[in-house]
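Reading through the C-alpha cells given below for one structure.
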Amino acid sequence: MKKVSVIGATGYTGLELVKILIRHKNVKIAHLCVRKEPEAIYSDIFPELKGLCDIKCSFLEPELICRDSDIIFFALPHKVTMTLMASFLGKGKKIIDLSSDYRLNDPDLYNQAYAHEHGDVENIAKFTYGLSEINKKNIAAADNIANPGCFPTSILLALYPVIKENIVSYNQIIVDSKTGVSGGGRTPALGFHFPECNESVKPYKVGIHQHEPEVEQELSKYAKKKVDIIFVPHLIPMTRGLLSTCYCDLTKKKITLDDINALYDKYYKDNKFIRIRKIGDTPQTKDVVNSNFCDIGFQLIDNKLIIISAIDNLIKGASGQAVQNMNIMCGFPDEEGIIN
Amino acid sequence: MKKVSVIGATGYTGLELVKILIRHKNVKIAHLCVRKEPEAIYSDIFPELKGLCDIKCSFLEPELICRDSDIIFFALPHKVTMTLMASFLGKGKKIIDLSSDYRLNDPDLYNQAYAHEHGDVENIAKFTYGLSEINKKNIAAADNIANPGCFPTSILLALYPVIKENIVSYNQIIVDSKTGVSGGGRTPALGFHFPECNESVKPYKVGIHQHEPEVEQELSKYAKKKVDIIFVPHLIPMTRGLLSTCYCDLTKKKITLDDINALYDKYYKDNKFIRIRKIGDTPQTKDVVNSNFCDIGFQLIDNKLIIISAIDNLIKGASGQAVQNMNIMCGFPDEEGIIN
Amino acid sequence: MKKVSVIGATGYTGLELVKILIRHKNVKIAHLCVRKEPEAIYSDIFPELKGLCDIKCSFLEPELICRDSDIIFFALPHKVTMTLMASFLGKGKKIIDLSSDYRLNDPDLYNQAYAHEHGDVENIAKFTYGLSEINKKNIAAADNIANPGCFPTSILLALYPVIKENIVSYNQIIVDSKTGVSGGGRTPALGFHFPECNESVKPYKVGIHQHEPEVEQELSKYAKKKVDIIFVPHLIPMTRGLLSTCYCDLTKKKITLDDINALYDKYYKDNKFIRIRKIGDTPQTKDVVNSNFCDIGFQLIDNKLIIISAIDNLIKGASGQAVQNMNIMCGFPDEEGIIN
Amino acid sequence: MKKVSVIGATGYTGLELVKILIRHKNVKIAHLCVRKEPEAIYSDIFPELKGLCDIKCSFLEPELICRDSDIIFFALPHKVTMTLMASFLGKGKKIIDLSSDYRLNDPDLYNQAYAHEHGDVENIAKFTYGLSEINKKNIAAADNIANPGCFPTSILLALYPVIKENIVSYNQIIVDSKTGVSGGGRTPALGFHFPECNESVKPYKVGIHQHEPEVEQELSKYAKKKVDIIFVPHLIPMTRGLLSTCYCDLTKKKITLDDINALYDKYYKDNKFIRIRKIGDTPQTKDVVNSNFCDIGFQLIDNKLIIISAIDNLIKGASGQAVQNMNIMCGFPDEEGIIN
C-alpha cells in the first residue's frame, strides 16, 4: 500500500482524483490539502463522498506531506503550482502534476502561451509528459509527470498514428473541439454562470488557446518535424465531456477507411482505454463520460481524413489519466481504480 | 411618449426591462444606469441587443435622471435600493422598484426576513404593492410601486380566489416551488455555477426564504385574517421559469373541480395574462417562458385542492409585471410592450 | 460464482443492471435477453460498454435461461412481465423483478392503478417486496423479489422511521416529487422528446400516479393502520435523479430537529446506503447520482416536519437496489458491485 | 391585410411561423392545416398560444385553402411536400416552402442527397431560392420560394462575401456546425430522446448530410465556379440555436482582420438582420436565439480565415426567414413580425 496525497483537492480534478483513489486497492490517502478550509472534513465540502471519504483536510505543509506520502498529486491552478513545486522535488517522491506548468519544454513558449513568466524554469526538464498510451516507457521510469491537458489528450490520441506514419500533411491540421463547462474549473465566473452558458454554444480563445503549443510540441516530437494546428475550442452546455473533430489532408493516395481503421487498431491494440469505432460509427461524449476511455472514429471525404475523438475531460483528460500514470510508474495493474 | 430610465440595467431583470421597453410604443429610454461600466454601450454588454439598443449607459446621478425621466425603474439588489431611493421620491416621477425593499409594510418583518436593518423606514408607506391583477385600482392611483417578487407573484395569483372566497384553510398552506437559475441573479456564485446546478435539484432556504413574509402579508390582506404558508423553494436545472404547487385544505364540502374552474374563470375573466387550464390539464413553465402569462391549473384529491401556477420568473415575476404596472399607472394599453 | 441473466436488457434499468453486474465479483452474466435485436452484441447497442461487455444477446427462451442461470433479473415493462413470469417460477431460481407487476398484494388495486387486469394473480403472493433496508430479513429468505419503484423507494425510506414511531399523522401526508427524464424509460415519446421537456418543469398524473398505492400499501404495513398520501410527481429537465419533499404533521409535541436526526440515525445506523444529512443541510440529487445512496434531510416549521430524500432513480430506485437485494438473498457482501 | 395559411402547422417550424404571423400587422391567418388533429383548436395542441391563437385547425383541402389565402406557407417534411405542391401552383398564390423539396435545381442531386426519387421534377424550376439578404431582387419578383435550410442559411451568409470577392480557396472549405435538437423536428426518435442527447455531443451524417449539396449549389453560383465544402454537423444538448465554424484558405496575401470586417460591413450594411461582430469578439447562439439575427465574427490565423456565424435554427434558419421573404415578396416593411 502506497500513501498518496492530493494538493488542491477542492477543484474538479482534485475531486475526481479522490473519487478514484478511494477505490484504488494499492493506495491509501495520506493528505488532502485545501487552501480555504484546511480543517474541514472532506465530505462536508463534497457531500457526495459522505461515508466514502470522511478524512480531515490538511494544511499545505510540504515537509509533513513529503514525510507521509509516497506519491503526490498536484491539482492546483497553473502559475500557483510553479511557486510550490521546488519544495517537493528531489525527495524521492513520485510527483504527478495536473497543471500545465511543467508541460512545455520551452519556457519562452510558456511565457507567451500563459502570458506569465515561468518562475521555476530549472525544474521543467525534470518532468516527463504523461500521455499514458504514447509515452508509457518514459512514464514508467519517471519520477515527475506533467499530466497532459484535456484538449491535448483528445487531440494527440486522435492524431498520433497518422502523424507517426506520416500519411497526413503536418501543416495546419484543423482541430474543432467542443468541451463541457467543468473544463473551466470550479471557480465561479460569468462565462460559466448557469444562465450564461446554458442553451448556448460559443467558440472562445480562437487561435490563442494555451493548449495549442502543448499539442504542437508533442505532435512535432512524433513527426520529428514541425507540425502545426489551427485550434478552435467551443464551450457547449453540458457538465462533462470533450469531443475533438480533426480535419487532416491525406498525403498518401489510395488510403481507404479500412486502412485507417486497421492502422489505429494496430497502434492501440494493447491499450484498453482507447476504443476504435467501427466504420460509419461516430464517437459521442455520452459513451465515455465517467470513464477513462477515449473513443476514436473516422470518416474520409475525398482526400480529407476526419478523425473524431471523445473523452471525459476530467477523467481521461485529467484525473483518470493521472492515476493511469501512477499505475504505470508504480507497477500497479493498468486499470486499477479506473475500471472496476 | 414618456421618458423612462432603468437604474441597475445589467442584472437579468434590468435586461428584460430594456428588452420590453425598446418595443413599447409609448415610451422612450432616457437613461440606463450601470455601476461597473457607466460609459459602455449597452449592446456591448449584451450583444443580443446589437442594433436594437445601442444606447450609451449613464452614471447614477439622481438629479440628471430625474430631470430626464417621467418613469424610473429600479432593478437593483435589495439593501442597495433603500440607500438610493430617497433622492428620487417626491419629484413627481413614477417609481417602480423591482427590489424587495419596499414590499413589506412592517420594517421589523423586513429586518428579520432579510437579516438587515431597513435604512429607509419612513418611505416604506409611500409604496403600493404592485400585483397587477389584484391591486389594479391602487396601482392606477399610485406614484411608487413595490413590484412583487417572483415566488410571491406565482403563489398569490394561484391562491387569491380561494383565500378571498374563504373556501380553504388559512392555516399552513403548503407551497412547493421550483425555480430556474436566473432567479438567483447574474452575479456568479458557486451555487449557480453551471457544473454545480446542472443535472441536479435542490431545496434551499427551507422555511426561511425571504419571500415567505411577503406572501403571508398579502394573503392576510385578502383574508382579513392571518394566513400562513409552509414554503419550500427548489432550484432546478433550467434558465427561466417558476412553478408553484400549492396544497390547500378545502373548508367547504361538495366543491367540485368544475366549481373551482368556474370560480377562477370569474375572478380572472378580464385579465388576459392569467390563463386558467382546463380540468385535467396541468401548467408547465415551457408554456409561459418569455411571456407575461401566468397559467393556473387544479386537481382535487379528497378534500385537498392542489393549485399549480407557472410563470416566467423574469417577466411576469419581475420585469413584465413592472411594465404592466407602468401601463396601468400611465393609462397605456394593458398589453403594450408585453404582448406583441 | 453465480450465473445471472437479465431479461429486458435494452431499457435504462437493464443497462444499469449490466453495468453493475459486470463489476460484481460474485456473479457472471449468462444471458442478456433483448427482444428487438436478439443476436446483437450488447456493446453495439450500448457503445459505452465496448470492451466491458461484448456479450452476444440472447433470445428470450425460458428453458435455456433457467438452465444457465442461478439468478434472473426482469427489467421488462409492467403488463409484459406478468405474461412471462409463470415460466420462470418454481424452478429453484432467484427472481428479482424490477417491474411493478408483483408489488401490489391486492390484484384489484393493481387493476385500478394500472388500468389493466392482472393476468397472473396466483403468483403475486410468491413475491417479497424488496425495499432492502426495511425488509432485509424477508428478502434474505425470499426466492422472488418485487423490486420497489423509484418514487416509492425515495418516499418509503424518507417516511419509515416517523411512521413506525407513530409521531406523524397518517392522514394525507403530502409528497411532492421531482424526477429526471430517464424515469420515463427509453422508448421515445413526445413528452420525453428533448425540445419538449428541456427547460421546463411540469407536474403529471397529479393524484393518479400508479406508484401511490404501492407507497400507501407499504406505509400502512409499517403503521399497522391505513396511511394515505397526496402524491404529485413533477418532471424536471435532467437525465437522472429523484427528490421527494414530504410534508408531515407531527402528532407529538416538543419534538426537535435534534430528536428527528437522532431517530433517523438510530433507524438507519447499520445501513451504509442511507445517509442522514446534518441539521440545516439539504439533500440534492447531484450528491447521489450514479450511486446507490439515499440522502435524507429535515426541516421543522411549527408542527410541520419536512423530510427530503434524494436518490438516483435508476440505481437506488431500480437496478442498484435490485443488486443490493441479490446480495442479501445470496449472502454476498452488502456493497459488492454497488460501491467500489 | 393579406390572408395566409400554414400547411403543416404542428411541427416546430409551423409553430414558429404561427407565433410570428399572429403579431404581423399585414396578415391574417386563414387556415392552419394539421394532419393528425384537423378539428383541434390550435392552442389545445400548443397551450403556450392560449389567448393568442385559438383558431380551429383545418383539413388539408387544396381548393379551400387556395380560395381563402393569398400566401401559403408549407411547413411539411420533405418528400411529403412534393406530393402536394402541384395542387397549389399556378393559382396566383404566393408560395413559401420550408421543406427542401424545391431547393436543389438538379433533380439527380436531389435523388442522391435524399435517397428518394423526386416526384415533381417539372415544378422545381418554378421556385426561387429564398436566402433573403443575398437574393432579395429575385425574391421580390418571385411567386414561389424554396426557403433555405438552417445549416445552409448559417453557412451561406458566413461565406458569401469572401466567395463573391474570390479571396478564399473554393476547394474544400471546412464547415464544422453545431445545432440544437429542435433541428431534428418534433417527431420523437431515440436520437432526440432527452436522456440520449442530453449531456452529450455527437457528430452525425459526417460528409453525407443532405444540406451539403444545397450549400455547394449556392456557393458555386456566387463563385461562378465549382465550390465544395467538407461539412460535419454536430448535435449538442440545447433546444435551439445553430453555430457554424468555417475554415477557409485565404488566396490573397496581406489581408487583415480589419479588411475582412470592412468587407462584411460593406456587403451587409443595409441588412439589419446580419450583425458583424467586432474584432476579437465571437458570436454565440445565446445572442440570436428567439430572433431573426445572424451574427458573424472572424479570426485570422496565418492564412486561415475562420468565420463563425450563429442563428436561431427555427427562426433565421426557417420560419423567420420565411416571413422575411414574404415581407420582400409583398412589399411589407422588412422587419414586420420579426422585430417588434
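Letters A, B, C and D name the chains as they come in the text, with residue numbers starting at 1 for each one.
Criterion: a contact is a pair of C-beta atoms (placed from the backbone, for glycine too) under 8 Å apart; a residue touches a chain by one contact, two chains touch by 3 or more.
Since the structure is predicted, the reported quantities are computational estimates derived from the model, not experimental observations.
In this assembly, D is the chain whose CA centroid lies farthest from the centroid of subunit C. Simply put, of A-B and A-D, more C-beta pairs touch at A-D. If each chain is reduced to the centroid of its CA atoms, subunit A and subunit C end up 37 Å from each other.
Averaged C-alpha coordinates give centres for subunit A and subunit B that are 46 Å from one another.
Here the spacing of subunit A and subunit D, counted between their Cα centres, is 39 Å. Counting only residues that touch two or more partner chains, subunit D has 180, 196, 198-199, 237-240, 286. Against subunit A, in their complex, subunit D makes its touches with residues 172, 174, 176, 178, 180, 196, 198-204, 206-207, 230, 232, 234, 236-241, 243, 245, 247, 282-286, 289, 299-302, 304, 306, 308, 310. On subunit B, the positions that touch subunit A within their shared complex are 12, 180-182, 186, 188-190, 192-199, 237-240. Those residues of subunit D that touch subunit B in the shared complex are 23, 47-48, 50-52, 199, 272, 275, 277, 281, 286-288, 290-291, 293, 295, 339-340.
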